[in-house]
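Here come two complexes built around subunit A, the first alongside subunit B, the second alongside subunit C.
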Partner chain A sequence: MANDLVVAPMLVVLASIVAMLALRPRPRAQRVASVAGSLAYAVAVGAVAWLIVLSPDAPGAATYQLGGWAAPFGITFVVDALSAFMLTIAAVVGLAAVVFSVVFVDRANQGVFYHLLFHCLLLGVTGAFLTGDLFNLFVWFEVMLMASYVLVAFYGGPQHTAAGFRYLVLNVVGSVLLLLAVGGLYATTGTLNMADMSRRLADPAAYGIDPAPVVGLGALAFATFSLKAGLVPFQFWVPGAYRSAPLPVAATLAGVTKKVGMYAIVRVYFTVFAGATVGISVPGAAGASPLAFLAPALLVMGSASILVGGLGAIACDTLDEMLAYSSIGQVGFIAVPVAIAAAAPPGSLRRLGLVAALVYALHHALAKSLLFFATAAIRSATGTHRLSDLGGLASRAPVLAGCFFVGSLSLVGIPPLTGFFGKFLVFEAAARQFTASSGLAGGAVIAVVLVGAVLTILYTTRAWTRSFWGRRTPAVEGATVRRSQVAVLVGLAALIVCLGIGFDPVFEFATAAAEAALDREGYVELVGPAGGDGA
Partner chain B sequence: MSVALATVVGGLFALGTFLLLRRDLVRVVWGVSVLSQAANVYLISMGGVQPGTHDTVPVLDAHGGAVPETTDPLVQALVLTAIVISFGTTAFALVLTYRAYQENETMDVQEWR
Partner chain C sequence: MKTTARIVVPIILVLAISLLLQGHNLPGGGFIAGVLTTVAFALIYVAQGLDYLDSGVLGQEVESGAGVFEHRSVTAFRQTFMVGLAVAVASGFAALLFDEPFLTQTFVIVEHLPLYHELEFASALAFDVGVYMVVVGVLLTILSVVGAE
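Right, the complex of A and B next:
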């Protein structure tokens, strides 16, 4: 029963895609079906999370062997706490984005495959979170990317086409790198199944393999994953793509698609590569596992992202560009605790790092989509999202302003919002690493995270004072705020407040997810790849 | 055989990268598809090109003839998937190229408005 439930979210999305195609001649029915489809997706993910992971008598994890082919020969879908946690983020943001799209994107554009593409994007994301096979992960990436290429170029103006083309070329190069990594890992370990690979890498002598190439091949995959996550130095596509995509899609790209990159880093490095014993001794990285390579690389990239994103966001003169830069910085806040976890010895600090990253990922998905939706509502009310054309919105549209305020405060990290716990855990991880190593690097991490937090306060304050306070501009004076849009915003803002107040279950879910990511042996045992001993 | 394959893969990657950096949009699309093909050749070679005996290949076992070099069927399945994906991506890239040409009346990336 639990095993069959694993594919439920995927079947729901596939059914929605078929419904979107079938209902093309009836735009109204298509919109209703799209909302119903994303609601059903959220229910399916909720059922998966509750029945497989969270409920007291749940098995904790389950697998589904596609076509009945046993691992490692078939493709395995795995739901453990980590997958369930990420799926939950996708379901919440996806549902909110579909509902908001219905009331925001104009009707003619919605008829042009908009909902179809959105569900395809969701399909790719679901597959990437579920799969336990490295090549299959590549395929789901491509499904996700195919939909997002079209969505980035959706409006079809010159700048949209240009942004779509740049996004496409960059991601094709990324995909080629990932293919090189997958092919090389297959040649090295003789398997594509993640659990089987993990098992073989942990005991290379028994399987007659040499794990040394894994570090370099893993680095290729890592480059692709960080391109997806938009970490510095692969961040340059982010502002263009986010500004050109329809705003609800930008919210999904920032809230969910970026997290797929971070998820893949965590899954591949912590669940698959962590068991390998490979001596690494290059300047800046020394250790006996591929994690010793990941830690300094990700730490530098994450810290640079925090600074680049924060500084970029301060200089922007439109709201959507500011949010795009801000999401570069916020992904840095997710990357830094992952790097701390990679540097730490197995134990509580490593777990804390991953918990911090996961909680931050959830917080960022919620807060950033709320802010993107608020920007969209501002644009459809006033016709602009240039900071210089806005002003005095707080008195003109108090509820909208309240929602933007909640999102900004959560991004800054004010209790009791979810953002507070995200920042708190990141700081705790950084502080504990500092006390554990007390080197220069530990101090630098704390400094960067602090500067990043200050930069967040600066750019959110700037956006707030420029667009919500001050004298009303003509655009604001003639604004007509759509209640249906504000209703979605209020829902998301309430969710951020509620999750912040009742944070304990979220923390426990995130802790279970982090433990699932670190429980390499449990993952291997769960999938149960057979054969290959001594072969 | 391995040296030949390595040379081909290296050559394709060099060519793809060169084309990708051109100003002409169509050349960039060519670069994208050459790079994808380079990855496919690489994937095929990862299966290990090993001499097979003719009783391991059913069609030869039944029909006799010269013994070919056989290879891993899994990588061929992977490459088929990758080819289909890169086909779709290239088609979409060409559509975007045409759209960009319609809007800017030039194929030169640096003259984009």
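Right, the complex of A and C next:
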């Protein structure tokens, strides 16, 4: 039954959460169940992606009314290509992170609700990707955040508690803003269902609503989403939180939960707000669609993220701090094509922008989690991840070095790795925007993306030469590399290479996802919010 | 203080249970009932001290040196929220068995009962009971563990 399939990933996670709690007295069984749960999650997501979106006779999208309450009053879950694409990223990174946690986090710590919280994090992410209801999106954000607060402060030392507290305060403020925005949008449009809201905003006269407040309220929501995504100027929580969280969790935070912020921007702006026409003018925004207001803000924030992240990463002393700064920059690389898509008129350039962002998101999730895992493996082998204490790892642990090398090259964008296609599509979008408008802004975007790419080369090269080449330090000399950890790394590295070589299906999937994000009418028709017409 | 607690705690608990039972179509519900129940227990803690539940009610020997996690009441609280979560999730899954969407609820009204005349059995009550147990278990675990520090 394709319909029940929509909630299958969520049900799997719920079942694993109960299992994690029940098996707490038996740590060994809990670890096995955790891996089995994340494997089942990956299978469920794979089934959703294949049976609903990808297979030749698939419907392409499906909805599910929770509890049988009809839209727009009940909570709708929607799987379209965009949701399925994001869920796939979450499933791959989640599975890898759980397996890696089992062999990396020490046993006593794993017993302290670690696996439970990890599955709660997955639950929040799954809900956020599936839901078609704006308030429900807020709820899933909270589920995700509750788990990540505890995971950031997991080790419980002074610096972990401080980072966790900063993360908590910032996100509570962000949640308040998001709640205000959701409440305001409800007051403005009279609905919370995304499809219904989209329908009403496209034809405000028929429903007697004034869409002008959407610009301001959307900006509040946008601020929260970019806080979650860690875009400049909301980037300052990122390094502290990533450094204090257990490294597999940091990989998940960078690879998956940041993407939830980007996903929310795309979904809310392109699928819900895009049809609205607002008759107010803001300096710097051309056009009357809420997308026109998003474009300049997101472009500036994305560009600033690329520069801040890249410059910050060059100056770091430890591998994990470098990766944290790098992920600020990489999210900038996702934001810039989204901004280009928002600025472009509906058509191929808009679609290309979103495809570039999605492919880059996939690439970043894979490469960054590989690098975080590699850092974790280095730390458990040598006891340190300070660049000054490392050196000569390449000859001491060649397989580990090879995996780190693949991750770095993918981050730089060397063919045939997935990172190459991500960078390539981002550059193509920037270049096409330049030829379309040939303004100063277009040139500046290309310049920023180029500088960002050069910075990426610089900091990955620096990390590589410092820690893998050169003379072996005492820490490296006495290192014992764990085979089980390296096995996970090799798996991820192989995935990056395979997806890069067989890139065509990924591109098809991303294109379908971008089209799903842009197909506003299709989304409304799919959910079919029949009720509430008389409002 | 102890006298007040002795009188007030049963009243709060009865009120909590009535809120739990009517929650599916009147003001109330599992969450608020759970919070009220926790308040009753908090009152006991304030009036009688942290060890009272173990030593006075359960009749257990409490070693003063042992951590609060060793208390039998704390173990029970943790089991409560685990079972509660399982009940809530299972009540959602139950709908799938009847080929209905996840979390679908229904109700039956049993009429012609002696004394009660009619009673309503709503499946939402199962979910509410799950929520109630989660709230009670989690809040009391936090309260007792943090209270001990």
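As a convention for this text, the second predicted complex is superposed on the first by the 533 of 535 C-alpha atoms of A that agree within 3 Å, B and C clash if a C-alpha of one lies under 4 Å from a C-alpha of the other, contacts with A are read in each partner's own complex, and residues count from 1 in each chain.
Note that a contact is a pair of C-beta atoms (placed from the backbone, for glycine too) under 8 Å apart; a residue touches a chain by one contact, two chains touch by 3 or more.
The structure displayed is predicted, hence computed values, not measured ones.
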{"item": "Superposed partners subunit B and subunit C on subunit A - clash or fit", "value": "fit"}
{"item": "Partner chain in contact with A:Ala376 - subunit B first, subunit C second, else both or neither", "value": "neither"}
{"item": "Partner chain(s) touched by A:Gly156 [first = subunit B, second = subunit C, both, neither]", "value": "first"}
{"item": "Partner chain in contact with A:Ala463 - subunit B first, subunit C second, else both or neither", "value": "neither"}
{"item": "Partner chain(s) touched by A:Val45 [first = subunit B, second = subunit C, both, neither]", "value": "neither"}
{"item": "Residues of subunit A touched, compared between subunit B and subunit C (which is higher)", "value": "B"}
{"item": "Touched partner set for A:Ala516, first subunit B, second subunit C, both or neither", "value": "neither"}
{"item": "Vertex subunit A; arms to subunit B and subunit C (CA centroids, nearest 10 degrees)", "value": "40"}
{"item": "Touching partner for A:Leu11 - first (subunit B), second (subunit C), both, neither", "value": "second"}
{"item": "Touched partner set for A:Leu66, first subunit B, second subunit C, both or neither", "value": "second"}
{"item": "Shortest CA-CA distance between subunit B and subunit C [superposed frame, angstrom]", "value": "7"}
{"item": "Residues of subunit A defined as touching subunit B within the complex", "value": "135, 139, 142, 146, 149-150, 153, 156-158, 161-162, 164-165, 168-169, 172-173, 175-176, 179-180, 182-184, 186-187, 192"}
{"item": "Complex contacts: residues of subunit B adjacent to subunit A", "value": "20, 25, 28, 32, 35-36, 38-40, 42-43, 46-48, 74-75, 78, 81-82, 85-86, 88-89, 92-93, 96-97, 99-100, 103-104, 112-113"}
{"item": "Contact footprint of subunit C on subunit A as seen in their complex", "value": "3-4, 7, 11, 14-15, 17-18, 21-22, 24, 64-68"}
{"item": "Subunit C to subunit A touching residues, read off their complex", "value": "81-82, 85-86, 89, 92-93, 95-96, 100-105"}
